[in-house]
Amino acid sequence: MTPDLFFEQLVNGLSLGSLYALIAVGYTVVYGIVQLINFAHGEIFMMGAFGAYTVWLLAGSPTELSAAAALGLLLPAMILGGILVAVGTALLTERFAYRPLRGAPRLAPLISAIGISVFLQEFVRLFYGRIPGFPDSKRAIPFPHIEGISGNSIQLGDVSIKMTSVFTVAALLICTAFLWYYINRTKTGRAMIATSQDPDTARLMGIDVDRVIMSAFAVGAALAAVAGVAHGMYIGNIDFKMGFMAGLKAFTAAVLGGIGNINGAVVGGVVLGLVEAFAGQVGDTAWKDVWAFVILILVLVFRPQGLLGAKVVDRA
Amino acid sequence: MTMTVHEAVARRRTADRTVLLEASDVTMRFGGLTAVNNVSLKVHYGEIVGLIGPNGAGKTTFFNCLTGLYKPTSGRVALEGEKLPPKPRQVVAAGVARTFQNIRLFHNMTALENVMVGMYCRTKANAVDAILRLPRHRAEERAATKAARKWLAFVGLTPAADVLSRNLPYGDQRRLEIARALATSPKLLLLDEPTAGMNPNETRQAEELIFRIRDLGLAILVIEHDMRFIFNLCDTVSCLVQGEVLVCGTGAEVQSDPRVIEAYLGSPQLEDEDDA
Amino acid sequence: MIARLSAYERVGRFAAIAGAALVLLSVMLPWAYGKRALDDMTYFFGPSPLQLCGAGVAAVCLAALIAGLVALPGRGPTMLCWNDMARVGGIGLAFYVGAVLVAVAVATGGLVNVEAGGWLAFGGAVLAALGGLTLPDSPQATLSHFLTPSWGQIAAIVVAIASALFAAAAAVNQGDVEDFVVFGVWLAAAIFLVRASGVFAWLSLAAAGNRQVLVMAAFVAAFAFPFTQNGSDANMSVAAQVLTFAGTAIGLNIVVGLVGLLDLGYIAFLGAGAFTAAVLSKSAFATLSVDLPFPVVVVISGTVASLLGLLIGTPTLRVSGDYLAIVTLAFGEIFRITMNNLDGTDGPNITHGSNGVPGIPNLNLFGFDFGQSHEILGVTLTRHANYYMLLLVVIALIIVVFTNLNHSRIGRGWVAIREDEMAAEAMGVNTFALKLLAFAGGAFLAGVAGSVKAYTDTSVSPDQYVFLESAFLLAAVVLGGMGTVMGVLIGATILKLLPEKLRFFDDYRLLLFGALMVLMMRFRPEGIIADERRQLEFHDEDEELAEDVETELVVHQAHHNLEGGKRS
Amino acid sequence: MTKTAKAAIIAAVAASVALAGCGTRDESNSAGGDTVEKKVVTIGTISPLTGDLSAVGSGIRNGVDLAVKQANASDAIPGWEIKIEPMDDEAKPDTGKNAATKLAADDTVIAVVGTMNSSVAQPVAPVLNAADISMVSPANTSPALTKGADLNAPVRQNKSFFRLCASDDKQGPFAADYLLEQGIKKVATIHDKKVYGQGLVEEFTKAFTAGGGEIVAAETINPEDKDYNTVISKVKSASPEAIYYGGEYPQAGPLSQQAKAAGLKIPLMGGDGLYDAAYIELAGKDAAEGDLTTSVGAPVDSLESAKAFAEAYAAGGYAEGIGPYGAYSYDAANVIISALKTTLASATDAKSARAATVDAIQSFTTTTAATGDISFDEFGDNTNQVMTVYKVEGGEWKAAYTGTAM
């Protein structure tokens, strides 16, 4: 492997890993607080991407914007729209599908989550394209070209780094910083930590546990929406089933880093992205995904608490 | 089942003061916290030993060390001179059964079924026997049902055999847990606060039940807060404070020891960690 | 509401009698204009089968109304819940006739094509329903108190099973979507009517007392099913698929329903069995073609699947349940990718990659060629009917394994693990070994089903074994009822048969599936047929239910003891 | 409970009143007997109508639908009315086989157009063959379907199976020759590990290396994946002059887009699975520029019949696009209808004419189909070896070269 190629795969791995990490945070935050694997989180990510795309459509599908207008107005608006849709969807699922099942056997919310996952995919597939003026959602939809990012790249010697990669990695860094602040410096964030450690005591201490759970879903969804936008620009298209594999990989990342541990999710995501990139480079690309899953199984067996080791207490 | 009981009774008559369980220098640390520190304890055949101590003294942790739920950081636990195996189910097979402080019955099974689960480690029928309904399965099922009914009768729950355990009154649930433990044919029975939450009448019944179990030839190690209960019942009593044995002796000795009184009355509030 | 109306009960009763009579009369008139609608309801004095179905319900309803008149509380026979029957019958009738009218409108382009007879029937049905609503609740049916002779119970079971067979055959034979839906509504109305009468309660007692008879009758009926199809291969093809699916789902039910482990990659075990059988078969594409007798192939397939189960279970069954769900999901993906990669370029050539193994020859057991149609008792049994029979044997074996394991020390251990794993371990139950046994045993059953599937389908390829199929298997278990055999059979039938019959909602199938899973978990997590214990776990706070379940368990237990006594 | 029941009844009444307002009288059984009742013959289609390949599968159904409508309008078979019975296979072998069994049980069915996926065709073809129902495939490219497991010792698999599109062993080599002729000697291959893509790449590789070219990288992608950058970087380091991709446009479009974005500015070539406007849309006009595909038959704008078809399709008002296989499907239906003209003329019912129809299709030839010439060889493959290379120019597929495959 030449240094150039190594560097290029490093960038590929980091970009992909950043996407995984952004989604993985959602799994980890929710799991940390309610011990629920929100299987439908991948679909929240998908909804975020579609939300952002919708903003672009509603803005009149602008294609000839200047870089300043695209970066200063369009992109923030799209991200905001994505977050709105994703958070809305997440809160609705929490309210109507998960909350009534609190206290039920753990199988129940998990099965419910699978149902939501399938439902959301199909909902987008069947109905998004029916809105007049919207493209056929049964197949992939090209994501809009954001002037200043899409198609541009930075040249470092022989290596070119796509601006979309830079955007993706930057998005992860900024989001992680925000998240850190939110969890450690705000009242809601501290309530989240308290609830994750002992929900009953937290309730006794006057923390509104319902609200905390909702914030957890909302935070995860917001990050997933950012990932959705980054995905759209980095990959170039979005479709109704983009959340399935991404969700599965992101969950793997969350477990890899130690589910329940936010830093772990970020580290796990990046590690998984790098593993995929280099497994594909060194080995046969046909087995790339197998490696990702084999690593998941190995981690669970030998280090069930994950790389960064959140303590998984069996509350039984 | 009946064999073991008779054997045990016979053994009790001949070798009255033989050591059944010996825990020597058991230490259990969680990270920096030492929950149990160098605890040694002996239980003889046919003896009722009490374990008392204020909340957080490490009594339940010590129980968990004995039953394989925790692996002690150091120390040795031996049953009839042999080191106890590491896993809970192996400990049960070796002859140590327990009940839980917070009742842990299989709530959606009937009382009879609960007791039959206790019989699991004493039956041998495998999947093939069960699928083909071979004689071994049938014979065992019959014997197990009979034995389970016998244990239910022993604790006085015959009428409740087909009642779901979740529907039983609290006191009956405690007794059912004891029946379930007895069904594993133990030599030593560990009872974790068997009278917690009981009224005086129920406590008296429990006391009587424990004597009857002792009369079967079993040794009993019991954690209890009810001092009257423990001093009525026990041949020897150990008092555990902050993970260490403070006093060990007969009921009267322990009762009059000033350090015990101080531990109970004067000790600062410690966190309750008994619900591991 | 009803209480207030009860003052007018007599008026209501006579109105209902008039309504039911109107429906009875109306079948002598045409209901629809246009032969295309349903099964031709255009004749005077020549009711069509579907019209007769309606008349049947109306007649029972009428009989119940009159019987209720002479059986007022305190005097006369109270064998059945006459009033409940009349009320449910009237409502059912209204729904049924309504469905017929809608179907006529759909088939012919508008309600203008409903003839006077149809409107008369609808009016009568609504009258019967409204009248029925004024009737007071019936007292408990006293039928259960009668000690029926055992031959009577057996006869009743046979009649019940035979009607079920007849209904299933009739439903499958409804060609058009409208016919199928209308017949389905009628069936539902009929079932509710019988249920309201209190006969079911009596029947379930009779069934508990004669379980062998029930099981035998059910299997005889299942074997008789192909004879009702008169050579239709299409229906038998669907039936064979339903059986394969159900067999696999019962295997999954051990893992999910009994032990409470969520397996999201279960389809891989079916695939492992199918691929093993395919690769060993005499297909031109088989890579390890060996001439082995079919039963040996079945055992090998099951073994390969269970080895995979051990391979995946040994490391992961130690971790907590949530992780297991994801690990199994990942395992399902690994399986699919691996089958794709064993194609000679990315790995050794075993499966021909995405091409899979097509052209698997038909089975020939003891000179019986499964590929040919056979004439038996004057009825043609087609190729798929042959495989259906084979699958019935397989599924019977799977059910025996499931129920016998469930009612054994192993089954008790499983339930104990599900209830409280730590307590089970502390009571001497070898939880890890039992979980592994469930995992590998379930895999074995799926592998067996897979080996037969390979021959039924004639080709095996990796794209049949995707996550969505695992999800559907799980859905069959959840929908039908975790931990039960009957429930899973019903769930599998619903999930496989409805999409075949209701092609028009094809595009919405997955959407409905997703919504159904969520709603089931919310409102009836125990499934259509509830396992008593499971029901309790999902309704933890419901004390009344707990008492009910207990009564039921006592009945079952009594029966068990009885049975044991007879045997020994 | 009773409240709900009442509400339901009220709703039902209200709905029926609303429905009664509209609707038309069913005229089919009007008393008069002025029209002769036509006999019915049915052509089935089996293709994915739901799921993510439904866009392509619907094109197959629509092509047949158009042909049938035209035939009925011109009364192509006197005394017979042709019906179409579209079946959904969800791109799954199981469902496809069910559909086939169902069609076989329908006595009016005489022929089937389908399937889209070779993996579905594998179980479908034997079922139809056993019932003597002709199957004319517009899209299955696996050589094994006609010639069996061993291509060196070909054996016809199903007497009633015919195919119009080129099998992989024709398309792959044609593409290889074209690239070699353009002076491209170093190619990287990528495929999606599906029957179609892998087969195509295998045949391409054989021909390309035989012609003196070099395969500098052979990679695969997982069609579930969205990010192909790892593969692209890997391919890029081998510095090929072109990429040959085996697969369909939903993956090929994004692949081309990501490759160009990563600085791999070389043409991407593929089989007829790419020949769809959606490919250009997904790749983006700039990225797709210069990309290539092969497709059977002379270019659409050079054939009168092809132009007529395209216009008729556009006028047909179908919701879905024509797709890569719409024209083949249209031709497949027309082949069947032509055969029926002779076989149904003397037949009393459709079922009795099934076997004769198989023979009639086997000996059928035309030169005026939408995709050019059609006739079948002894394996049931189309003998039309005319193929066209299309190139993206200015955001549209333009014919670049037409020739005859070996």
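Labels A, B, C and D are assigned to the chains in the order they are written; within every chain, residues are numbered from 1.
Rule of thumb we're sticking to: a contact is a pair of C-beta atoms (placed from the backbone, for glycine too) under 8 Å apart; a residue touches a chain by one contact, two chains touch by 3 or more.
Being a predicted model, the structure only gives us computed values, none of them experimental.
Student: Quick one: point me to the chain whose Cα centre is farthest from that of chain C.
Tutor: B
Student: What whole-Å value do you get for the distance between chain B and chain C if each is reduced to the mean of its CA atoms?
Tutor: 47
Student: Nearest whole angstrom, what separates the Cα centre of chain A from the Cα centre of chain C?
Tutor: Chain centres of chain A and chain C, defined by C-alpha means, are spaced 39 Å apart.
Student: Please report how many Å separate the Cα centroid of chain A from that of chain D, as a whole number.
Tutor: Distance between chain centres: 37 Å.
Student: Touching two or more other chains, which residues of chain C qualify?
Tutor: 337, 340-341, 346, 420, 422, 507, 537, in rising order.
Student: Would you pick out the residues of chain A that each touch at least 2 other chains?
Tutor: Correct list: 244, 284, 286, 289.
Student: Any chance you could list the residues of chain B touching two or more other chains?
Tutor: Not one residue of chain B touches more than one other chain, so the list is empty.
Student: Which pairs of chains touch each other?
Tutor: Pairs satisfying the touch definition: A-C, A-D, B-C, C-D.
Student: Provide the residue numbers of chain B that touch chain C in the complex, in ascending order.
Tutor: 67, 69, 87-89, 92-93, 97-98, 100, 104-110, 112-113, 116-123, 125-127, 129-133, 137-138, 140-142, 144, 162-164, 166-167, 180-181, 184
Student: Over in the complex, which chain A residues touch chain C? Could you list them?
Tutor: Result: residues 35, 37, 97, 100-101, 103-112, 114-123, 126, 244, 248, 251-252, 255, 284, 286-287, 289-290, 293-294, 296-297, 300-301, 304, 312, 314, 316 of chain A touch chain C.
Student: Residue numbers of chain C touching chain A in their complex, please.
Tutor: These residues of chain C touch chain A: 256, 260, 262, 264, 312, 315-316, 318-323, 325-327, 329-331, 333-334, 337-338, 340-341, 346, 420-422, 467-468, 471, 474, 478, 507-508, 510-511, 513-518, 520-522, 525, 537-538, 540.
Student: Can you list the chain C residues touching chain D in their complex?
Tutor: Those residues of chain C that touch chain D are 1-2, 33-37, 42, 91, 94-95, 98, 101-102, 105, 108-114, 122, 126, 129-130, 133, 232-235, 237-238, 241, 284-285, 337, 340-341, 343, 345-346, 353-356, 358-359, 383-384, 457-459, 461, 463-464, 500, 503, 506-507, 509.
Student: For chain C, which residues are in contact with chain B within the complex?
Tutor: Residues of chain C touching chain B: 400-401, 404-405, 408-413, 415-416, 419-420, 422-431, 437, 441, 533, 536-537, 543, 546-547, 549-550, 553-554, 557, 564, 567-568.
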